[in-house]
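Look at the two complexes coming up: subunit A is in both, with subunit B in one and subunit C in the other.
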Partner chain A sequence: MADPRIGIISERLKGIRSIIAVSSGKGGVGKSLVASALALSLVKKGYRVGLFDLDFTSPSTHIILGIEDVKPKEEKGIVPPRVHGLEYMSIVYYSGDYASPLRGADVSNALIELLSITRWGNLDFLVLDMPPGIGDATLDLIRLIKRVRFLIVTTPSRLAFETVKKLASLLEGLKIPVVGVVENMKMSRHKSIRRQVERMGTAFLGEIPYDTEVEESIGNVDKLLGTTFAEKVEEIASKI
Partner chain B sequence: MHEWALAEAVIATASQLADKERLREVTEVKIKVGELQQVEQRVLRFALQQLKTVKFKKTRFRIETAKAKLKCRSCGHQWFFRKEKLDENTAEAIHFVPEIAHTYIKCPKCNSPDFEILEGRGIWLESVKGVR
Partner chain C sequence: MADPRIGIISERLKGIRSIIAVSSGKGGVGKSLVASALALSLVKKGYRVGLFDLDFTSPSTHIILGIEDVKPKEEKGIVPPRVHGLEYMSIVYYSGDYASPLRGADVSNALIELLSITRWGNLDFLVLDMPPGIGDATLDLIRLIKRVRFLIVTTPSRLAFETVKKLASLLEGLKIPVVGVVENMKMSRHKSIRRQVERMGTAFLGEIPYDTEVEESIGNVDKLLGTTFAEKVEEIASKI
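Right after this comes the complex of A and B.
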């Protein structure tokens, strides 16, 4: 007759002021790094922030943030642990280092389950690290969280940007707000992506240069926050 | 106390359905609980009693368990989930997110993790009865 979990999701999220889904049309554009650095930047600015890794089959934010040996607390549901000043939730608490081969319906079910049992409390921002593309997680998010806003990450590559255009057009058609587009891994001075984004009527939030230090800082938050990459993400954080 | 969160979800959804049907009082709520999620019925029942609002004052909560039936997408073999075969941590992970079964359980015939949960996954609201 009815899935009882759906009815409680809005109640679980009611203490959150702003929900931002960091998304992309394609994988490999640095979405998880942007989501992690964005969440950390917002913490630095004094906001109460949550980070939820929704890339269930390939989670990576726990590696970026060097999160180990923490677990959510069981308290009338589950309460995410606070790590580096942010409330952090990921499926890796349950899957560990093993692969989670999930089909679309399983991704939906896992998403609904975690949204219905996770108690975030009061937050200014909940940052969602989305899986790439316009798949089940994106469609479910749009269906289940009416006030979600999308931040889209692209690279200067036409291959990435063509998929961004599709994602942005889908969101526009569904009247889902887009905070703006971020151009990551920038290696030239070309303004082509900026111009195209502005022509789409979407905000261009900024450029992040390709930063070789980022790879070296994976797993070390202090080092990550000291990179040019993080500095640029911090500028973007002031615009959302 | 994960059951508490599920009980809250049941009460919230049953309330919404009762409002939709313009029920003044809810007399019976039938809930199906899949074995895969290993919900403790005693705890769920206790939470339902604690959380119920005025509308549910005289409600009988009928909880039924459904066996978890799995079917391998690779070889077609069907089998039933058995908690006893899992260690404590794995059973707990599946309790919180039943889809984690795909991480730890394999088809007993061909060892594939690509199986379908045919029935008995998690919690489901079967019916809400009451008086207008």
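Right after this comes the complex of A and C.
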């Protein structure tokens, strides 16, 4: 029998105009930082925005945004708290922030549960902070949220970009739209990633220089929004 | 009924003196580079060494070592090819290097299959390049290889170290020995990670400064061994 919660999910998401999954081929490329800054930039531009941290491998947007003490409200489902002008929800509210790893089927179950109980308001954008790579959770999410579009974050490193090619090819095979690729932590002027992305027929959304201030602004949204990093993400936000 | 392959695994590993799982809380911290350089350093010191890439999320040691064309030999199982003085095996030989994501049960199955068919020689060290984090594969591996010891790689970033705390606490709960923590990509002199590691009661094995030459030496072992990065890993190799 089909899980009855799956039918509820599209109902829960129907007030949302655009769903952007911020993803990456591998971890450590700044995906969660880009997702957080992207959501905050869209708020600044006057949009109604939600941020949903689904990265069960290492949920970190609550640390980046410094909102560790806020909890969602239970009311015929879960109402995401409003923080820094956005509606916020995270898998840490489900799994807790401890060392309990979720095994395969539990991850699927957690995703379905979270998507079916969360009561988003009417939103222009819902930004998803995805787990890195092309594991079960990515495949589940594509199945559960049909109209999602992907934004892929990479670094200039060959090791990171090799995994981007795999992710992009998977998404192409599944006919999932890719908004474009962002090159983060750039330290040189090489155009190699841009060229390779364009050769793949994918939009190159921009470069973000390596910015040492970002680490110091983790947990402090005002400081984060003042960085060059955030300025670049704001330019990218205009393109999606 | 128990999978008969599981009994074969300890048989396959019985000629190996020490098994080191190079792991991390999250991706992008340089885990595969440390695992590769560690294996090469141990070869340089005269040990018999194997390197086994089990990071199904983004296998990359074959790219780092520039051994993309070598294939293992089938002979009553699989005999790992000898490259750069070490016995080498990777999950890419099982999954292929394409975009086909392995789903949960397939990952377990791939691990069991690989561990039960690979015929290692008599080795002083087998270095495992683990998937990042505390997912199914990590738990499976702990179950399948009982005498594994973990070496954890982190960066100075708070986001990376938060996930190290979770991994270390999981391993402690499972009574799995941790050789120690390595702080990679260090750009400042802060001692904060060292202090936190020591407070956890875990050995701090050393710092590796951020080294821009590493990216350019991907695929070229001689160049890699000439970097400051490799020099630091060699110091760490003396401590395990």
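Following the convention adopted for this analysis, the second predicted complex is superposed on the first by the 235 of 240 C-alpha atoms of A that agree within 3 Å, B and C clash if a C-alpha of one lies under 4 Å from a C-alpha of the other, contacts with A are read in each partner's own complex, and residues count from 1 in each chain.
Convention: contacts are C-beta pairs under 8 Å (C-beta built on N, C-alpha and C of every residue); 3 or more make two chains touch, one makes a residue touch a chain.
On a predicted model such as this, the values are computed, not experimentally measured, just so you know.
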First, second, both or neither for A:Ile8, with subunit B first and subunit C second: first
Partner chain in contact with A:Arg158 - subunit B first, subunit C second, else both or neither: second
Which of subunit B and subunit C A:Leu139 touches, first, second, both or neither: second
First, second, both or neither for A:Lys76, with subunit B first and subunit C second: first
Which superposed partner A:Leu114 touches (first subunit B, second subunit C, both, neither): first
First (subunit B), second (subunit C), both or neither touched by A:Ser95: first
Which superposed partner A:Ile218 touches (first subunit B, second subunit C, both, neither): second
Chain touching more of subunit A, residue-wise (subunit B, subunit C): C
Where subunit A meets both subunit C and subunit B, residue numbers: 98-99, 101, 103, 107
Complex contacts: residues of subunit A adjacent to subunit B: 1-8, 11, 56, 74-78, 91, 94-96, 98-103, 106-107, 109-110, 113-114, 116-117, 119
Interfacial residue positions of subunit B with respect to subunit A in the complex: 1-2, 4-6, 8-10, 12-14, 16-17, 31, 93, 96-100, 102-104, 113-114, 121-128
Residue ranges of subunit C touching subunit A (in the complex, touch as defined): 25-29, 32, 57-58, 60, 63-64, 98-99, 101, 103-105, 107, 132-136, 138-139, 155-160, 162-163, 165-167, 169-170, 173, 187, 212, 215, 218-219
